[in-house]
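Below is a structure I'd like to ask you about.
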Amino acid sequence: MLTTTEILHQVATGQLSTSEATQLLDENQTAALGFANVDLSRQQRNGVPEVIYGSGKTSKQIVSIVKALSKQTLPVLTTRLSLTKFSELKDYFPSAVYYESARCMTLGTPPLPKTNDYIAVVTAGTSDQPIAEEAAITAETFGNNVKRIYDVGVAGIHRLFSKLDIIRGAKVVIVIAGMEGALASVVGGLVSSPVIAVPTSIGYGTNFQGMTALLTMLNSCASGITVVNVDNGFGAAYSASLINHI
Amino acid sequence: MLTTTEILHQVATGQLSTSEATQLLDENQTAALGFANVDLSRQQRNGVPEVIYGSGKTSKQIVSIVKALSKQTLPVLTTRLSLTKFSELKDYFPSAVYYESARCMTLGTPPLPKTNDYIAVVTAGTSDQPIAEEAAITAETFGNNVKRIYDVGVAGIHRLFSKLDIIRGAKVVIVIAGMEGALASVVGGLVSSPVIAVPTSIGYGTNFQGMTALLTMLNSCASGITVVNVDNGFGAAYSASLINHI
Amino acid sequence: MLTTTEILHQVATGQLSTSEATQLLDENQTAALGFANVDLSRQQRNGVPEVIYGSGKTSKQIVSIVKALSKQTLPVLTTRLSLTKFSELKDYFPSAVYYESARCMTLGTPPLPKTNDYIAVVTAGTSDQPIAEEAAITAETFGNNVKRIYDVGVAGIHRLFSKLDIIRGAKVVIVIAGMEGALASVVGGLVSSPVIAVPTSIGYGTNFQGMTALLTMLNSCASGITVVNVDNGFGAAYSASLINHI
Amino acid sequence: MLTTTEILHQVATGQLSTSEATQLLDENQTAALGFANVDLSRQQRNGVPEVIYGSGKTSKQIVSIVKALSKQTLPVLTTRLSLTKFSELKDYFPSAVYYESARCMTLGTPPLPKTNDYIAVVTAGTSDQPIAEEAAITAETFGNNVKRIYDVGVAGIHRLFSKLDIIRGAKVVIVIAGMEGALASVVGGLVSSPVIAVPTSIGYGTNFQGMTALLTMLNSCASGITVVNVDNGFGAAYSASLINHI
Amino acid sequence: MLTTTEILHQVATGQLSTSEATQLLDENQTAALGFANVDLSRQQRNGVPEVIYGSGKTSKQIVSIVKALSKQTLPVLTTRLSLTKFSELKDYFPSAVYYESARCMTLGTPPLPKTNDYIAVVTAGTSDQPIAEEAAITAETFGNNVKRIYDVGVAGIHRLFSKLDIIRGAKVVIVIAGMEGALASVVGGLVSSPVIAVPTSIGYGTNFQGMTALLTMLNSCASGITVVNVDNGFGAAYSASLINHI
Amino acid sequence: MLTTTEILHQVATGQLSTSEATQLLDENQTAALGFANVDLSRQQRNGVPEVIYGSGKTSKQIVSIVKALSKQTLPVLTTRLSLTKFSELKDYFPSAVYYESARCMTLGTPPLPKTNDYIAVVTAGTSDQPIAEEAAITAETFGNNVKRIYDVGVAGIHRLFSKLDIIRGAKVVIVIAGMEGALASVVGGLVSSPVIAVPTSIGYGTNFQGMTALLTMLNSCASGITVVNVDNGFGAAYSASLINHI
Amino acid sequence: MLTTTEILHQVATGQLSTSEATQLLDENQTAALGFANVDLSRQQRNGVPEVIYGSGKTSKQIVSIVKALSKQTLPVLTTRLSLTKFSELKDYFPSAVYYESARCMTLGTPPLPKTNDYIAVVTAGTSDQPIAEEAAITAETFGNNVKRIYDVGVAGIHRLFSKLDIIRGAKVVIVIAGMEGALASVVGGLVSSPVIAVPTSIGYGTNFQGMTALLTMLNSCASGITVVNVDNGFGAAYSASLINHI
Amino acid sequence: MLTTTEILHQVATGQLSTSEATQLLDENQTAALGFANVDLSRQQRNGVPEVIYGSGKTSKQIVSIVKALSKQTLPVLTTRLSLTKFSELKDYFPSAVYYESARCMTLGTPPLPKTNDYIAVVTAGTSDQPIAEEAAITAETFGNNVKRIYDVGVAGIHRLFSKLDIIRGAKVVIVIAGMEGALASVVGGLVSSPVIAVPTSIGYGTNFQGMTALLTMLNSCASGITVVNVDNGFGAAYSASLINHI
C-alpha cells in the first residue's frame, strides 16, 4: 500500500492521475468493508493505530478488520476478545498471541520502549486483575515498559506503602479499583506523577457495577487524578501511553 | 410527676384508684400536645430520652416539646436548630446552652462520664466540622468523653498517621467525610474498634449531596464499618454512645 | 512461623541478622502470592484475622489464600462460597465445614464465647435466611453466642412482640429485612442496644434489588440504627462481634 | 345555567333550535377561558366536580376558574394555595374559607355526611401535618367524616397501639409518613379496611424528598395498601372519599 | 383446631389450664415452622387469610406453609408459582388448581360472591395479561365477580370507548399497563369509581422495567387513582376486594 | 371484508339492517381475538396500518394477529421477531420474508416509492447495524427509498465528511448511535433536513444500556434533532416515513 | 457585508486579493467576538439562522451577538430571555418585540408563510402555556402558521375530542404536557401527521421536573412520536418548522 | 522557616536537640490551625503546593490558611472564591490578584514557563467560560503557557476546524463542554496529545447539571480522553500541568 507521500510523489511525476490519486488517498484513510469503515488514518491523526473492540463483533467481522489494519501497520491489537472467539480466529492469524486474563489478542511484535520510563499499573484487589492486564497488555503493545503492583488496597494499607517507591518512580500511574475505589485517592495524595483511575465493576449491592468506585474517583480529595469509564483498562493505558511517550 | 413505681405504690396503698392510675401511666408514656405525641417512655425503652429534631418545627412547637420532656428528664437535647430559632427560644429557657457550629441546644447538665473510655470523632476536611460538632455535642450530652481529630483526610495521609494512636485508643470511632469519603476505609483498615461512618453533603457535581461518600462507606473494602444517613452526626453519636456505655 | 516478638528476640540475641529479621517481619505482614498480597497483620491491627471473600476468586486462588492464612491463625472463614466451589476445595481441607444456607466455609474450631452475652439475629421473612445465616456463622466463627429470631416481619407484628424479650436481652441486635425493611425501625424503637440493619435484595419491581430496604434503614425515624451494604450479613456480624466483645 | 336535561327538554318543546342546544351543551361541558378549558362535566363523569390546583396558576387565573366552576356547583375547592395568594383572592370571594395549614380554600358549604362512616387520617410525625390537613379538608369538603390521628410513628409504637381502635373503626385509612414511611406497613398489618398511603417529602439526605417513603410504601410486606404521589394528600382523600361513599 | 372462643370457653369451664390455653392461643396466631412463622391470625386482623408468595421459597417450604394455613382456613392462594414448582407440589395437593397464565395455585373452593358487584380488570396490551390474570384469580379467590377487558390501550382508543359502559359499571376498576401506562389516566378521567393502577414491566429501553408506567400512574392528571408496585396484580386485587366487599 | 363506505351503501340500499351494519363497522375497527383487540382502523386514522411488535408475544398469538391484519391490508410488518420464532411462523406464511439482522418479517409487497426522495439511515459504528436495519426495513416496507450510510462515527470524522453529500440530500435523516452518541449533534449541525436520533444500547459501564446516548441526543447543542426510545429503529422510521411522504 | 458569491466574484475580477478574500470568507462564517464565535453560516448549512439562547448570557453579550447576527440576516430570535434582561436590551434594539409568556425577543419581521399549512401547538394544562408560547413564537418567527389548542389534557378528554379536527388538519403537531404527559400518546393514536412531544417540568414529587412526562413520551404505545428535551419548546418548533417547510 | 535539610543539619551540628527537631519537622509537614491541618509537605510529595478550595470556608479561615501556606511557598492559589469573599480578603493580602470570571485569587508571582510547550483550553460554548478560566488561571499559576480556544462547539463545527492547528500543537488539551459534551469526542478523534475532558453544568432538563456531558465524555468512542468531575476546571489543569511539565 502506498503512503500518502508516495502517492503525492507519483502524482508529481505523472505516474498517477489526480483521480487515481484521490481514490488511493481515500483508500488510505478508510477501508470500506460494507459493515465497517475501518479508520486507516488514525495512526497519522492520533499517533496510535485503530484498535479493535472485539465485544459485539462477529469473528468474521474481526478477521476482516484485522486484515485491513494489518496491511497498513503492525502490531494490531484486539481487546475484549473472549477465548471462544479467539479460538475461531487463530487459524487466520497463526502468529497472533492471546492473553487470556486480559482478553486481548495481538498480531505482530510491539515496538521496543525507547526509554526506561515506565507506567505503574496498581490494583486494589485480586479481582481487579483482568482489567489491569487489559491495561498492561495495551500499554506494552504500544511500546511502553509496565510495572504491575497488584492487590495493595487500603484495607491493608501497609501493602501499598511497601510498594510506594516503585509507584513513585513511574512516569504515569494507573490505579485500578472496584468496591469503594479509595485506593485512587490515597495514591493520588502520595505521588507527583499524573494518575489515571479505572473503576472496576467488582462489588455487590450498592456498588452498582462500578458506579461507586467511579464516583469516588471523580470526587477524590486528592488532585492529579483523571478518570475513565468503568472497566476501561484499555482507555487508561491509551492515555497513559500518550503521556509516557512525551 | 410521679414515676411508674410511685404510681403503682399509691395504687397498692389505695391513694390512687386504678382508673386514676391508668391515666397517669398513660401520661407517663406520652405527652399529648395536639400537634405532637411526645414519647416519654423512650428513656425506659431505649435507654436514651427522646431528642428533638428542630428542623421543620416552629419555635412554639419546640418550646412545648422541650417543656414536656424536661418535666421528666434532663438534659434535653435539640438538634438542627438554627441560630435564628434559638434566639426565639432562649427567653423560655434561660439556662439553655447553644452550640452554633453544631446547631444544637442543650437544657440541663449532661451526666458525668463514668469511665475514661472515649469516642473519637474524626473528620476528613474543614467543611465537615458542623456535622462533627453535632456528633460530639450529642455524645457529650449523653455522658461520653469525646476526642476530636479534625481535618486528617487522605489527600495528606501523614496527618492521619500522626493522630493514629489517639484514634486507636477510642472505644468506638466516628469517621465523618464528604467528597469521596475514602477516610472511612483507611481508618477501618487501621483500628480494632467499631467504626461508624457519616457521609457529609460536602462536594459538588457528581458528589450528589453526599451520595458518593455514602456509597463509598457502604462499599468499603475494610470491615467493621457501619453507616448512617448523610449528615446524620446525631445518629452516629447515638449509636456510638450505646456502644461506649456497654 | 516466628512471631514479631520472637523475631525481635532473636535479633537481640544475635540469632538473626537485621536484614534477615526485616524480611521475616515483612513476611509476617503479607503473604505475597503473586495474584494476591494476603494481609497477615490484620489480626494484630483489627483484632480479627483476614476473611476470604469467595465470590470472584477461583478455587485455586482460594486454596492458596486459605493455606497462607491458616499457617498463622485459625479458624479461617471463607464467605460467599458456592456449593460447587466448595466441592472443589474440600479435598484440600478435609476438616473444613461448609454451611450451605450461609454459603460459608470454616477451617478450624471457633474460639469459645467468653461470656453469656449474645447477638440477636432477627429477620423479617423466610427469604432473608441466607443472609441471616451468613451473619450468624460469621459471628459464631468469631466466638460469639448467637440467637436466631426468624420471620417476624411487621405484616404480622404479633410475631415480633412474642419474641421481644429475647431480642431485648441481646448485647447487640442485627436486623435483616428485604421488601420495605420496616422491621429495622420497629425494632429500633423497642430496644436499648445498638442495632445493625442489613437490607436484603429480596423483593421485585421498585425494590431495586434491596435499595428500598437500604433507604428505609438509613432514614429510620428510630435512633440507634446503623446500616451496612445490601446482603452484607458478614459485615454486620463483623461489627456486631466487635461490639459484643467490648 | 340550564342542565343537560333542561336543554334537551327545550329542544323537544321547540324552545331551542338544535344548533343553539349544541352550543349550550358544549358550554355545559367546558368553560373556555382562553388560558384554560374548565372541565364542567367532571361531576357527571367522575362523581366529583373539578378541583383547582392552585400552584403555578396566577391569582387572576384562579379567580376566573373558581367563578366558572361555582356557577355550576358548590362547594369549590382550591388546593396548594399559599396564604399570599389567598389574600389576593379573598375580596373576590368574601365567603371563602382558608385553611392555612392545609393550604386550601373552600367556597360554599360542604354537603353533610350521609352516614357515620369515617376516614381515618393517620400521620407518623409532627411535620406531616400540612399534608394530613390537605387530605382532611379535601375529604370533609367532599362530605366525609374525618378522624385525625397525628404523630403516632413507629419510633414510639405504643402511641399507635393506643389509637388502634379508632383506626380500625374507619371505613378507609389514609396513612401519611415521611422519613422511612414504615408506619404504612405497620398499620396495613393491623387493619381490615383499605389503606391509602401518602409519602411526604419530610426528611434529609438519602430521603430524596420523599422517594424513600414512597418506595417503602410501594414495597410493603403488608397487603391492602395502595399509594399516591409524594405529598399528594388531596389525591389520597379523593380516592378515600370514593371508597367511603360506596 | 380450637378457635379462640372455644379455648376461652374451655378455660372458663376448667377443661384447660391457663398455661395450656396460652400455648394454644399462641399456636392459633402463628404456626412456627422453623424457617417461617406462618401468620394464622391475619384473617381475624385483616379480614383476609395469609397468602403465600411463591417466588424465592422452595417447594418443600411451600408445602409446609400451605398445610399449616389450610388447617385453619380455605381456600389457600399461592402466587408467583412457576409451572415447574407447581408440578412438584401437585402430588401433595391433588385438589389444587393451577392457573398457568396467572402463575397462581388455589387449594379449596372460593366463597361465592354475595352481590352482583364486580371488579373490572382492564389492560392496555396483550403482554399485560399475566399480571391481569394474577389480579383476576386473586379477586375471584377472595369471592369477587371479575370482568376482564383486555388490550384496550390508548394507541387505538376506540377499543376503550367501545368497552366504556362495562368499565363504568364496576364498583372498582383495576387498570394494568406497561410501556408508558397512559391508560390509567384516560380511564381515571372517565369513571366515578376508585381506580387502582398496576404498572407492568412490559417495555424496553427507557421503560426501566416498569418505572415509566409507575411514574405515569403516580403523576396522573386524573384523580381517583392509587398505585401499587410494578407487576403487583395480587396487591391491586387485594385492595380492590376490600373495597368491593364494603 | 366490506369497507366502511360499502357497508353504509348497503345500509342505504337496504341490503344490511342497521344492527348488522353496526356489528360489521365494529369488526372493521377491531378484530377481537380474545387475547388481543387488533386495531384495524389505524391505516385510516394514522395513515399507516398496525405493526406487530413481536417481542413478548407467542408464535401462536403472532399468527392470529398477522392473519387478522392481512385480511384488511398488505404488507404486514412484524418487528422484534427472533429467528427462532420466525422458523415457527414460516409454514403459516410461506411468502413472508425475514430480515435476520433487522429481526423483521414482512408479508406482502411494499408499495413502490412515489418519488426519488429518500431517507438517510446513518450509523456511528458496526454494532449499531441491527437497529439501523430495523429502521431501514420499516421505512422500505412503508414505501420509502432508503440510503444506508454505516460506521461513520466521530472517532474518525473524515468518514462522515466523505458521505456528507448523500446525507445532505436526504429529505429526512435518521442518526443511530450508541456509546456517547455524539454523531447526532455533528450531523445536526451540518444538514438542513429534520434529524431523528436513535440511541442504541451499545456500550458498557456508564453507558447504562443506551441512556448516555439518549441523554446526549436530548441535550444536543445542534437544533433540528428529535429523539426516540433506545433501540427504537422502528419508531424513527415510522416518523421519518410520515415526513418523507409529506 | 459581501456574500460568498460577491466575494468570489471580486476575486475573479481582481478587486480582492485571495488573502483578503480568505479573511472575508472567514468573517462570513464566524463573527469572532472574543467570548463567542457567532456562527454566521448556519442559515446556509441548516436553512435556519443561529438563534440566541439567552439564559446564562449577560445582557452585554446578547447585545453583541444580536448585532453580529442582525448584520447578516433578519429576524433574529432570542429565547429564554427574562423580562429583566429584556428591559436592559430594549434601548439597543428599539424595534425589538418581547413576548412575555414565551420569554422570547424578536428583532425584524418574520417572513410570511408561503402556504396555508400550519403547525398545531397542543397543551395538556394551563401551566404548560409558557413552553407552548416559546414553540409558537419560534415557529411564527421562522415563517409558519400556528394554531394554538391549549388545556385539553386527558383528565377531561372531551376537551381534546372537540378540537380533534383542527389538530388532524395540521401538517405537524407539537404536543406539550407536564405531569404524566399522557396526552402525547392519545394524540399520537388519533392523527396521521408527525407528532413532536415536549415534556414540561410541571408537576411535583415523583414528576422529577419533567422526567416522568419525558419517559412517558419516549415509551408511547402510539407510533409517530418523537421527543425533545424537557421544556424545549424552541427545539420542537425548530424541527416542526423544517417539516412544515418541506 | 527552616527546611528539612537545614533542620537535619542543625541536629547534626548540635544546634537542635532531636526532640526540638522532631517538632520542627512536624510543623514543616502540617500547620495545625485548629479548624484545619494545612498540608505543608504537598509540594515535596506531589510536586505542587496545596491549593485552597474557597467554597464552604469562611473568609477568616481562608486568611489563616493562605498565611500558613505563603510562609512556605509562593504563589498561593485560592479557587472557587466569590467576589464578595475576595473583597473581605484583599486588605489582608494587598498584592493578591483576583480573576473574576475564574473566581480565583493568586498571591505571589507564578513561575515562568520553562519551555514553549502549551496547554490548549478549548470550550464548546460561551457559558463554559468560567470553568475554562479556572483551568487557565490554575495552569498559568503553576507555570504553564496556556492558549484559549473558546466557543467552538460542534453545532458549527467549522469553528473548530479553523482552530485545529493550534489545538493539535498543544502538549495536552483540556476540552470543556456542557450540554451534550460532544466536543470532547470530536477533538479526541483529531489530536495525538492526551485530552482531559471537563463536563460543565451548563444545560437544562435532562442535562442533570452536567451529568449528560460527563457520561458523554466517559463513553467517548474516541480514545485518549480522561475525565474529571463536573465543573472541575482546577482538577483538569492540575493534571494537565503535571503532563505538560514532563
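Lettered A, B, C, D, E, F, G and H in written order, each chain numbered from 1.
Just so it is clear, contacts are C-beta pairs under 8 Å (C-beta built on N, C-alpha and C of every residue); 3 or more make two chains touch, one makes a residue touch a chain.
Chains and their UniProt names: A, B, C, D, E, F, G, H = Nickel pincer cofactor biosynthesis protein LarB.
Since the model is a prediction, treat every value here as computed from it, not as a measurement.
Superposition of chain F on chain H using C-alpha atoms only gives a rotation of 180 degrees, nearest 5. Measuring from the averaged C-alpha position of chain C to that of chain E gives a distance of 38 Å.
Rounded to whole angstrom, the centroid-to-centroid distance between chain B and chain F, based on C-alpha atoms, equals 60 Å. If you average the Cα atoms of chain A and of chain E, the two centres end up 54 Å apart.
Taken residue by residue, chain D touches two or more other chains at 45, 155-156, 189-190, 205-207, 211, 214, 218-219, 223, 229, whereas all remaining positions touch fewer. The chain pairs satisfying the stated touch condition come to A-B, A-C, A-F, A-H, B-C, B-D, B-H, C-D, C-E, D-E, D-G, E-F, E-G, F-G, F-H, G-H.
Of all residues in chain B, only 26, 29-30, 35-37, 39, 41-42, 50, 55-57, 61, 199, 201, 209-211, 214, 229-232 touch chain D in the complex they form.
Touching chain A in their complex are the following residues of chain B: 124-125, 153-157, 179-182, 185-186, 188-190, 203, 205-208, 211-213, 215-223.
The residues of chain H lying in touch with chain A in their complex are 45-48, 51, 171, 189-194, 196, 214, 218-219, 223-229, 234-236, 238-239, 242-243, 246. Only residues 126-127, 129, 150-152, 155-156, 158-159, 162, 202, 204-207 of chain C touch chain E when the two sit together in their complex.
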